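Chain lettering (A, B, C and D) follows the sequence in which the chains are written, and residue indices restart at 1 in each chain.
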């Protein structure tokens, strides 16, 4: 029998590569979808290192063109059996501007990235899970999904939409045996982008370690069907928790 | 000095006409934006009846084409002074389908209707309010803004997005003196559509009366700046309240 | 026919006296319950000034001895007809300490003040409202009802409990025609205690004016039964809004 | 070096015995606190079976007499080293009555059971965790902590208070290295009481299996300090999810 497959959309050098490694360590095949093979190189290498005999492949997909996510997901279906896990880990740029400075293009992009792209993947991959009454779909999200912002409004609009999608799916398909979970990261992650952003002010202990987060995704995967979490929050012990 | 103006986008025969009447009763000019003058006929007549000397006009605008909302709002600015209130009262069809049956077109439409259209209006009308450090923007929303659904998923995606937009705006512009409020109607409204839908099972006391709702919008308008509500919930006394 | 009566428990010189004035202005009799007549002097004077022919009386009641609230409420029933409004406006001291420094006595006191005292009043006054299918019960609360605190933990425990009580009552008795509402003040109030506390750092525009808040209570009173708010939030336009 | 110790307060034949087994399987000593050794017999036997060389003991403690919880916790401290986990798993009777039928005694009891008893245990056991910058405190809770009820109001008042306590503690002591988590069970558990209650209508798949829940507690224990959940929700795949 073939190995189980985990599909990660948005498999870059941040949380993506940690997720790739964590599932590969459990002998999952990794199907990695992102805008460029180069961007997923770390994720792919981690997978190959952790599960040498696995079938780990990169597929082109760009959430800004949701139809490319559809196509990538379809290729994944043609390439793999036993697709057990879909992780949607895409995120838009974290662009600070006040709401009135948002452009219509900003609104369109964030919606494609957070909602339409996610739905494109779900639309292709969920029916097979329902058929087998088994499967896990995990959305990487943030506190921005629960609270708007005067300085980072675009991100909130995207994440609110993603959370709505996640709840919709959970309410419709949990009973069919598919576990859908929205993971709210209430913190900054320890990823290259954040280290660069904070520069000298970066403090490792004030961020979530991506491998620790990936471990939590693994536990969500393991949750037995009598005790599922549909919404998960994660924050480091240092975080000032306001929501 | 010219009369104050209230702009209502989505001024149909449901809540829209009641809002039109309520603000006209207080001697507001009414600028009504909707897809057809015919659809806004009741709202226009109510305005004319309640404030005879008011300047009550209809402007074409269809949230499915957000640029038409932009244009309508611009015409409103050219036509009126003292624009004090913007009410975004548009809503999409309440189409029951399971999430996997949503189309990409559904996703695009609901986002335009609930988020992009609203933002289009805000983008034109808010700067003038900020300049005068005065103004009220009210979004008609629903419990679907807080909770997903397995049977009515499209609506939730739209309303979550609208709530994000509302919170973003409130957090950015309250300090500038503009009051932004998201009104969650946790119930069915007593409007022709709902009466038709429920047929014999319609029970008036299980719905919110649109004039009672409009009165609440009026109180939001009146709220002094030291005691604003940015999120308001309304439900009839009969409602089983689960969120 | 006799005038309507508003019962205010916790009628001091802060929000209490403003509520007293606001309802007296509408020709309500005021029944004021507090620990001392001296403490309610301002509230009583406001009532007498605003409604000269009203029957305005003080009754002794101390939430730390809930049975005294019961007795006071019983005297109110014997003294007045048409008791239409009950406002529970008591609050404990805002004592900053870390959770481990809370004493068992702190826990007992805050529960009496926020929950048992409120229930004592409700137990006496609600049945008459149910009988007449009419009445309003308003609880003065705070954001502490929704969010714990590492520095002011006692207050949160009390307010969470008060909110639970309020929701319980709303769910049980709305259908009987009694409107129960929990008012979350997401801010400091402009009251003597706060002015003293902040000293030179006090900024009027960063607080809610008690008369503006009282006006909002009045609107809650006016809400028609097809469009009630069971939870109301209020904050000044200057407030940084995090929950 | 001595084994780690897990303290369970409310170690009966429901979730308690499953938690006892799960931590014993990981070679934890179990300190079980409950009203009677007989009531904790199953929990004690599970511990002995799963970790034969462990030091598993029962201590008398009744949350209705919080001082007995204090005493039990003090005995636990004198008896064990390495107290790493405290699970507060007590709950009151699930008594259905409308709010007006609550007695003052009901209010007093539920507060002792849910809040004062929990705090009593925390007050004794948390300082040692802070000193070692290590430890986990888990509160068994329910959706009643987030939503009032017209038919089961006592329970909600207790659980709201417990959640406040949990958030207070998390906000004050996470930075000290102690992980505090509130587990919301959004469902019925498969325990003898529930089976008896539902009788013929009991459906196993509509409840959470206690061993599955205990496994989730174990994962909370394992969560690394860069990625903690302070609030966890659990429900079976069959649950109609309304909050």
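Following the convention adopted for this analysis, a residue touches a chain if its C-beta (ideal position, glycine included) is under 8 Å from a C-beta of that chain, and two chains touch if they have at least 3 such contacts.
Quick caveat, the model's predicted, so the values are computed rather than measured.
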| item | value |
| --- | --- |
| A-C compared against A-D, more contacting pairs | A-D |
| Same vs different contact residues, chain B with chain C, by half of numbers used | same |
| Cα-centroid distance, chain A relative to chain D, in whole angstrom | 32 |
| Whole-Å gap separating chain A and chain C, where each centre is the average of the chain's CA atoms | 46 |
| Multi-chain contact sites of chain D, meaning residues that touch two or more partners | 147, 170-171 |
| Residue numbers on chain A that touch chain C, as the complex places them | 147, 242-243 |
| Contact footprint of chain B on chain C as seen in their complex | 170-171, 174-175, 177, 179, 190, 205, 207-209, 212-213, 215-216, 219, 222-239, 241 |
| Touching residues on chain C, where the partner in the complex is chain D | 66, 98-100, 102, 104, 107-108, 111, 115-116, 119-120, 122-123, 126-127, 147-151, 153, 156-157, 159-161, 163-173 |
